[in-house]
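The structures come next, written out as structure tokens.
There are two complexes below, and they share chain A, which is joined by chain B in the first and by chain C in the second.
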Partner chain A sequence: MRLWMLGIAAIVLSFISLFIGAIDITPKDLLNWESDETHIFLISRIPRLLAIILAGAGMSIAGLIMQSLSRNKFVSPTTAGTLDAAKLGILISMLFFTNVTYTQQVIFSFAFALAGTFLFMQILDRIKFKDVIFVPLIGIMYGNILSSITTFFGYEADLLQNISSWLMGSFTLIIAGRYELLYVSIPAIILAYLYANKFTVAGMGEDFARNLGLSYKLVLNIGLVLVAVISTTVVLTVGVIPFLGLIVPNIVSLYLGDNLRKTIPHTAVLGIVFLLICDILGRIIIHPYEIPVNVTVAVIGSAIFLTMLLRGRAYAK
Partner chain B sequence: MIEIKGLTKQFGKKPVVEDVTVTIEPGTITSFIGPNGAGKSTLLSMVSRLLEADTGEVLLDQNNVKKWKSSDFAKRVSILKQANYLNVRLTVRELVSFGRYPYSRGRLAAEDEKFVDQAIEYMNLADMEDKYLDELSGGQKQRAFIAMVIAQDTDYILLDEPLNNLDMKHSVQIMKILRKLVDELGKTVVIVLHDINFASVYSDRIVALKNGRLMRNGPTHEIINSEVLREIYDMDIPIQEQNGCRICVYFNSHT
Partner chain C sequence: MRNSTKLMILAAIALVFILLYGFYDIKGGFDYAFPKRMLRVTAMVITGIAIAYSTVVFQTITHNRILTPSVMGLDSMYQVVQTLIYFFAGSMSVWVLNKYLNFGAAIFAMVVFALILYRFLFRADKHPIYFLLLIGMIIGTLLGSFVTFLQVLIDPVEYLSLQSRLFATFTNVKAELLFISIGILFLAFLYGYLIMDKLDVMSLGRENAINLGINYDGMVMRILILSSVLIATSTALVGPITFFGLIVANLSYQYLVTYKHSIHILGASLISIIALVGGNFLVEHIFELRTTLSVIINFIGGIYFIYLLLKESRAAG
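Showing the complex of A and B:
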């Protein structure tokens, strides 16, 4: 697959995304600056598109970094506890402060996502049996433990409703003023690209990296911080989107290999395309109502993931 | 010159390397031999800074290796550990290009490309430079990794059991290439070997270890004799001379 093909697909899908929704908006309506349609377009449609683009690119790259650094094809923010830790962080912030501010939520969520992912990498370091399936299974169990802690305290504090709303990745509620945190992931994505070679070298193991004079621990930590930043911004604005960070990098790796300098642009654009398709489907199927994007992603993503597991076990090793 | 001085390493309470002092002569192939658990790989890891020694020191050009900057050290000494477990999908050319990382930090200049071309040429990999590593056989993969180390262009090349999992043909091929690296390019190769015949035929010097201690250190012809080998391996190993090579016939020894 060529990058320009993915680029064109992304642009076409972006246009479709802008003109689909409960209210019909045509490009002609936009000529009138004062119309309701223009208003909706600016307040809802464009922010939604930007959110999809940033979340799609961000989560895919976060997954790619994690797969490279953990040297396991099936490790991603959803299969290593990152997102569950971020959620736990939000809950703790709500328990700690009665009138929790957005900034406090962001800081707590980030700190927990970072600590949670770091802890997972530590666990990974200690287990001897590094099977390609076994490692993500541990990650999923670990995530579930974090998640049940969140549910328990959420139940005790009567916050379950709030929690389930972060669980559900959805772009329905994205309007101007409620998604801008996602911009924070832009520098993280750029940094990820600048560090691409370092991540590739680190992905070949500590001894290999140190032979080439790379400070392995530093690169590892920078990678984890980037993953935590991206995950936090997505969870706090869109919610949890499963599978994205798992399947997109793997598809790219299949046709382009594991040299991150080469694969990061593809991963970002394919992530955007995939998320756009899922969101558009969610908006079309029961029009004028919506299916949350995490449902469509989960359905399509699990099918792709299952195929990868069954057919790609040899490749993932 | 690399000088190993009184190097000791313990894992838990168990000493793996004990008070080893050896000087690596430049421009030679030096083989580390010895039975399992002799501490060969551990010693090599400490020389290359992958492991820190408990006591003692390793000097590169009279300076403690710990004091070298990582990027400078990576231009002088390279180490290849058993690489066959690597499952990263890179093409041969991409892998070899990473050998230039200490110089280019990932942005290859024209000069770096030249080194990469030469290394690929040297290892006869030109016709498969765009293949992914997972499409290669064990021998080809090993050659690709050695090409990377050649591109890294260090004076010292340390190899930890590079013949593992290779058949005879490929093992001989690799050893011949290492010989060429020393004879033609003036490199210094330090290699951990299991098969003493490869050590006997291809190396200039042999360092023999046993239970973490240095047993012998000297030119190959001094080490490859039945008496010394009995000390190291607790086996009677008759030696036969063939075309000027000393071959250890350890198959029919009655011990």
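Showing the complex of A and C:
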């Protein structure tokens, strides 16, 4: 697959996404600057599209970085506890401050996502037996433990409903003023691209990377910070989107290999295309109502992941 | 200590907790509270036995101590069937109103699902256990999100009716379901009594069992049906409790050193009664937490699961 083909697909889908919704908007309506349609377009449709683009590119790249650094194809923010840690952080911030501000939530959630992922990497370091399948298994369980802690305290403090809104990944509530935090992930994505070569080298193993003169620990830490930044912004604005960071990088690596400098653009665009398709499907099926995007992503994503697992055991080795 | 003594101790502890749960700190009308509490205890006992029983026999035919019917997604299948029935037939159809038909349909689908899983995953014998585990978890996610997907599409009124069927808890047990379950459990034990010796032989492995005159594949089929019936019973009563079977079965293997299924099934059943009744007693009356027990079970179960995986991996690596 060529990058420009993916690019065209992304542009066409973006266009479709802009003109789908409860209210019919045609390009002709937009000529009238004062019309209701133009307002809806500017307040709801364009922010939604931007949020999909940023979340799709961000989560896929976060998954790619984690897979490269952990040297395991099945590690991603969903299978390493990153997203669950971010949710726990939001809960803790609400328990600590009675009138929690947005900034406090962002900081706590970021700190927990970072610490949670870091802890997982440390656990990985301790495990001698690094089976490709074994690692994500431990990661999923680790995430389950974190999220049961969240549920426990959420129950006690009556915050469960509050938290479950972050559980549900959905673009329905994205309007101007509610998604701008996602812009923070743009510098993270750019940095990821600049560091791509170093991540590739780090992915060859600590000893090898050191021999090539790479400051391994520094690169590892930068990678984890980038992953935490992207995950936090997505969880806080859109919610949890499962599987995205898992399957998109894997599909790209199937046809393009593991050189991050080459694969990052593909991964980003394919992530956008995948998320756009899922969101458009969710909006079409029960029009004028919507199915949350995390449901469509989970159904399609887990089916793809299953096929990948069953077909590709040879490839995963 | 002999195994029979150990079983007596377990039975005594279970009885103490049942009595405590029944009589502890009853305020107001005894005539009102006591029958209600007894209803709950009965539900817990039935669920505990059903889960323990099905897990132990399932682990014998799959030759491992980590996979359980719940982990492989069998209880999600129950929910899929119920949702599909509501989706296609509606809440007023004979498939819902006739409890036996409804239960039969669910069990039929679960057995088919279990057979397919068994054919593709266990017969080949080549797949490492972690692979099967990950497949099971992803199948669980796929079925779970498929259920959510259909639920979004269902008419809201129908959904309310479905919800009361899917999100059962110990606090709102339905008496009429309880009688059916007791009947099923009785039949299951009667059948189990007849095949107990064969199960012991089957744990020697397929080839050995066939040499010793066991119709191995026929037995596997029957045990998968038995497992599905039991899981359907417990899921219908209180909803899915993913890691419970895993914990109680493994505790029993550790505590009671024997290869005899009759003893392990009894032991695991008693342990699960202690865990469910005792756990609920502590949560409701001593700590006065608002959390449901399943959150705590998931937390403890998750940690125990990681411990088991690490132990297993050391044995393998």
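Miscellaneous remarks
Please note the rule applied: the second predicted complex is superposed on the first by the 317 of 317 C-alpha atoms of A that agree within 3 Å, B and C clash if a C-alpha of one lies under 4 Å from a C-alpha of the other, contacts with A are read in each partner's own complex, and residues count from 1 in each chain.
By our rule, a residue touches a chain if its C-beta (ideal position, glycine included) is under 8 Å from a C-beta of that chain, and two chains touch if they have at least 3 such contacts.
What you are looking at is a predicted structure, and each value in this text was computed from that prediction instead of being measured.
In the superposition on chain A, contact of A:L212 is made with chain B only, not with chain C. In the superposition on chain A, contact is made by A:N259 with chain B only, not with chain C.
In the superposed pair of complexes, A:I133 makes contact with chain C only, with no contact to chain B. In the superposition on chain A, A:L18 makes contact with neither chain B nor chain C. Looking at the shared chain after the overlay, A:K198 reaches chain B, while chain C stays out of its contact range.
By the touch criterion stated above, A:Y142 is placed in contact with chain C alone, chain B being left untouched. The wider contact with chain A, measured as residues touched, comes from C rather than the other of chain B and chain C.
Once the two complexes are overlaid on the shared chain, A:F152 sits against chain C while remaining clear of chain B. Taken together, the two structures place no residue of chain A in contact with chain B in one case and with chain C in the other. Contacts from chain A toward chain C in the complex involve residues 74, 127-129, 131, 133-134, 136-138, 140-142, 144-145, 148-149, 151-152, 155-156, 242, 285-286, 291-292, 295-296, 298-299, 302-303, 305-306, 309-310, 313. The residues of chain A lying in touch with chain B in their complex are 71, 196-198, 200-201, 203-205, 207-208, 210-215, 253, 257-259, 261, 315, 317. Within the complex, the chain B residues that touch chain A are 45, 48-50, 70-75, 78-81, 83, 86-91, 94, 98-99, 101-102, 105-106, 132, 134, 152. Listed in rising order, the residues of chain C touching chain A in the complex are 128, 130-131, 133-135, 137-139, 141-142, 144-146, 148-149, 152-153, 289-292, 295-296, 298-299, 302-303, 305-306, 309-310, 313-314, 316-317.
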